[in-house]
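Encoded as structure tokens, here's the structure I'll be asking about.
The first chain written gets the first letter, and so on, giving A, B, C and D; residue counts start at 1 in each chain.
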Amino acid sequence: MAKIGFIGVGNMGGPMARNLITAGHNLKVFDLSEEAVNFIVQSGAERAASVQDAAKEVDIVVTMLPVGGNVREVFLNDGIVAAADPGTLFIDSSTIDVESAAAVHEAASAAGFEMIDAPVSGGTIGADQATLTFMCGGEKAAFDRARPILEDMGKNIVYCGGPGKGQIVKICNNMVAGIANLATVEAFVMGEKLGVDRQVLFDVISTSSGSTWILEKACPMPGPVPASAASNEFKPGFMAKLMLKDLRLSQAASQMAGTPTPLGATATAAYQQHVNNGFGDLDQSSIVKLIEPSDE
Amino acid sequence: MAKIGFIGVGNMGGPMARNLITAGHNLKVFDLSEEAVNFIVQSGAERAASVQDAAKEVDIVVTMLPVGGNVREVFLNDGIVAAADPGTLFIDSSTIDVESAAAVHEAASAAGFEMIDAPVSGGTIGADQATLTFMCGGEKAAFDRARPILEDMGKNIVYCGGPGKGQIVKICNNMVAGIANLATVEAFVMGEKLGVDRQVLFDVISTSSGSTWILEKACPMPGPVPASAASNEFKPGFMAKLMLKDLRLSQAASQMAGTPTPLGATATAAYQQHVNNGFGDLDQSSIVKLIEPSDE
Amino acid sequence: MAKIGFIGVGNMGGPMARNLITAGHNLKVFDLSEEAVNFIVQSGAERAASVQDAAKEVDIVVTMLPVGGNVREVFLNDGIVAAADPGTLFIDSSTIDVESAAAVHEAASAAGFEMIDAPVSGGTIGADQATLTFMCGGEKAAFDRARPILEDMGKNIVYCGGPGKGQIVKICNNMVAGIANLATVEAFVMGEKLGVDRQVLFDVISTSSGSTWILEKACPMPGPVPASAASNEFKPGFMAKLMLKDLRLSQAASQMAGTPTPLGATATAAYQQHVNNGFGDLDQSSIVKLIEPSDE
Amino acid sequence: MAKIGFIGVGNMGGPMARNLITAGHNLKVFDLSEEAVNFIVQSGAERAASVQDAAKEVDIVVTMLPVGGNVREVFLNDGIVAAADPGTLFIDSSTIDVESAAAVHEAASAAGFEMIDAPVSGGTIGADQATLTFMCGGEKAAFDRARPILEDMGKNIVYCGGPGKGQIVKICNNMVAGIANLATVEAFVMGEKLGVDRQVLFDVISTSSGSTWILEKACPMPGPVPASAASNEFKPGFMAKLMLKDLRLSQAASQMAGTPTPLGATATAAYQQHVNNGFGDLDQSSIVKLIEPSDE
């Protein structure tokens, strides 16, 4: 069993840390929210006094933070790269921009540490049930070392290539998912307005060339998939503001790649409108409200 | 066994007609292309002298024509609605605009005929192997009468609602499929340019929230799906110019519905560019050439 | 002085007809709204009993109708082409789709009549003050005959080419104008959110490469142009739903032309959203509400 | 007369520096290209040994560099902020991202220096003829001190507000200009394909609500404006790759602002396609090649 520092124990990090405890690991946790820390301490974790403290005398540090700026702050300057004991493995599960991922990889590597970026998909349910997918980038040896730990928190552990490649794969995937949400909504709202029954649209499209994971598993129209967020008042699930975050990352990645993403760009503008309309905390599928405004 | 007039025996209509012959029906066929008629006559069909002739002394007329204007011409004025014997059932399998579909339904109904619109998906392979999906609109009684005939040409026979509803469902489905093609290409070209291996992108996305029928069955990047058109020099399959046609129908439908389709609109402009660049006869998946121009 | 039938005397047609009376012409007017007819009859026009009646015993018929379907109805079948005396000149000032324009031109020409399409720009103020721009399509001889009449209602009378060319030019112009509105709003909302003063943005952009007629004359941000609709609670001016109508015509024209209009398509979807949000009767410049939702 | 260090004397910086010499100032210049330095040394400038050297014993340092990364490199760490004598005024005329502008302003200010960002519009012709527009951000006192120097290089010297505001205004303006280019091209290509003469489109639109600075001064269709780049084989002028750069900056700014720019996003994707097609060194107006591919 390993000694693990865990930084960021909120909606996602909290249940991930708890699964590590359940698997028998010893955890030291840190979060700016005392409440979040208290919660996981009750499950048996030790409280760290600071991010630096969380990185000391541990085998592995897992970070799960909101944005690239947070990750830079925690890793760089007098952060955990400076504080950690030699031989510590860093696993960054945050979803962040490609540039920040490169910067922290570089700093860790320059200081002699092994590191992987390992952003996840699967949402809070996946975090809770230890069924997350981890998309991992870094040296193969670092990945091999991280894998058993990741398996205690997830189901699919995928090696995507060198440093930062996990982030890139996640961003590519989520860009398509965001587009699929909006595309599905456009088609259904149009079809219904022209007189076709929602269930008919679902039955045909879900078995034809317009079918998508989003439609089948998380249909953004209330009804056809009873367990979907859309069928449950758009309770997340995966919040619209997080989808916007990922779409924005996709546009930054597109600039870095120098490749055009006309649909990605259009979907990003749509989710930005939607979040600005006040719906950021609803599930991503609530984008239907942008295309079909309610009559109230 | 029925006596069936079949108008339009080209790439799609030809194999569909042949499957009806194989099933034991007697066919009278018409097409402006003598070559297309000859081919199906060799399979045992009778040659009709005109569209009107094809509609006489038959139980059912099946039409499979390129655009709404053709369908109006064949049905209206002194066309088959005027020529057919009382009691004839009309099955229009063309993919056409919602307005034309409404116009011919109305004319047929006013003259006392039963009719369904029954556009298909499944491409030339589906036509050949009698595995097409038929999306059917019209009175339920007309659908029930048409169903056994459609089952000789396809596998999924779906009732979508009243007159024109088959067209609407097909257009909705194909709009999402066109978007899925372009979205997939945007993600893969970006991901590869940022250093991720194509197969890795495929393995992760095809099992995650960005997965689509298009990716799994017809991946627009050459390689990951060996049987896809993309892996076979973009030989169609479903030609880019036909995808453009369907996307344009979606934009006309969107105007009729008065609902916004920002992604549908963007995808339409992209396929229009692609076709204008000279690639209309390649498979739809060749849209990758728009996002990643080759170096030659 | 001429004897003129005038069909459609609403917000635009009403003041146009009044200017013809002021110029000394004799008018027979028809409109489905009795109130609209009463208003212009008080100015000295004769009341026509029907569209056909309005077209009889006159030298010229002017039509000013909402959409292509109305124009077809008034001209075709037993409409004014059938009813008018030989030698009557038709002037259609409606803004309609290219196909409908072609259809009525063809019918008029086949029956031996001269005709021009002559859609206008300049809005209700231009109609009132006889400062409209007329964009004219048709035979040159018909244009020459129409010109003196048009000069009584407008300031710029432009010959654009053969039948339908007036419509095409108007649609092209208004597509750019709609895009300019939205583009200006995107830039100003972004600039202000980043801390730049609205007046500074106006002063610089209106004298730089981002300047547009829309910005200078009808700035969609309240303030910089005191006479603009935006500075007057978005009272039209040119209603957002009419801009949507013209943008939709542009998309139909783009399909007919087979040329891509990615920005035109995006602007059309944006105005469709905006109108669906309930703002269709405000001035076009109110599109700012789509990009910067108010906090209430 | 002032002693001025000038860093970056390429296509734009070269003629700007020459105009300062003409106005009687003493210049020390630095550039990575020896050829560029030689050229301006022939006009009477002193050669600086390094960026640091260019910033020593001068009253003012002007920088004119390609991207934000270059500006950071020149200013930060052991760059010119560390090297310059107390009291030196920094004028950064580079067009760069809002974040980099903020970073160098902050560093300069922390070290006690006055600074303005002063990006320009007007292109190489404006640089040559000293008719540039300068959009300036920074403390008012710094602006007042910079103004006489800027007047030796330009015609319109505009104060836009605090640090970085010059960049923001420039980015907002150029986003609209890029959109105007593409919108004009969409309208003209569509109109011509539908049979309207290019000159007629120009005459009407340039005097109507679709008119733009771009159309009047730099019409992207060859012909109507003889002096435009489009009429001269798309020789820049303002290169398409630089328009792409500014559009990309607009998308980064849009992310920072959290406001949607659907047209800005679409135009960015279009210029990215165009540059990837190999046309980056042509004038921005060459975007017509994206919408109307030539037949060759």
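By definition in this document, contacts are C-beta pairs under 8 Å (C-beta built on N, C-alpha and C of every residue); 3 or more make two chains touch, one makes a residue touch a chain.
Keep in mind it's a predicted model, so treat the numbers as computed, not measured.
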Considering A-C alongside B-C, which chain pair is linked by more C-beta pairs in contact? B-C
Please identify which chain has its centre, taken as the mean of its CA atoms, farthest from the centre of chain B. D
Using CA atom averages as chain centres, what separation in Å is found between chain B and chain C? 38
When centres are defined as mean Cα positions, the distance from chain A to chain B in whole Å is 39
Mean-CA-position distance for chain C and chain A (Å): 50
Taking each residue of chain B in turn, which ones touch at least two of the other chains? 254, 258-262, 266, 269-270, 273, 276, 291-292
If each chain is a dot and touching chains are joined, what shape do you get: line, ring, star, complete or other? complete
Residue ranges of chain C in contact with chain D within the complex: 98, 121, 133, 135, 156, 158-162, 165, 168-169, 172-177, 179-180, 182-184, 186-191, 193-197, 200-201, 203-205, 207-214, 217-218, 250, 253-254, 256-264, 266-267, 269-270, 291-292
How about chain B: which of its residues touch chain C in the complex? 248, 251-252, 254-255, 258-262, 265-266, 268-270, 272-273, 276
Note: in the complex, chain C contacts chain A through residues 262, 266, 273, 276-278, 290-293
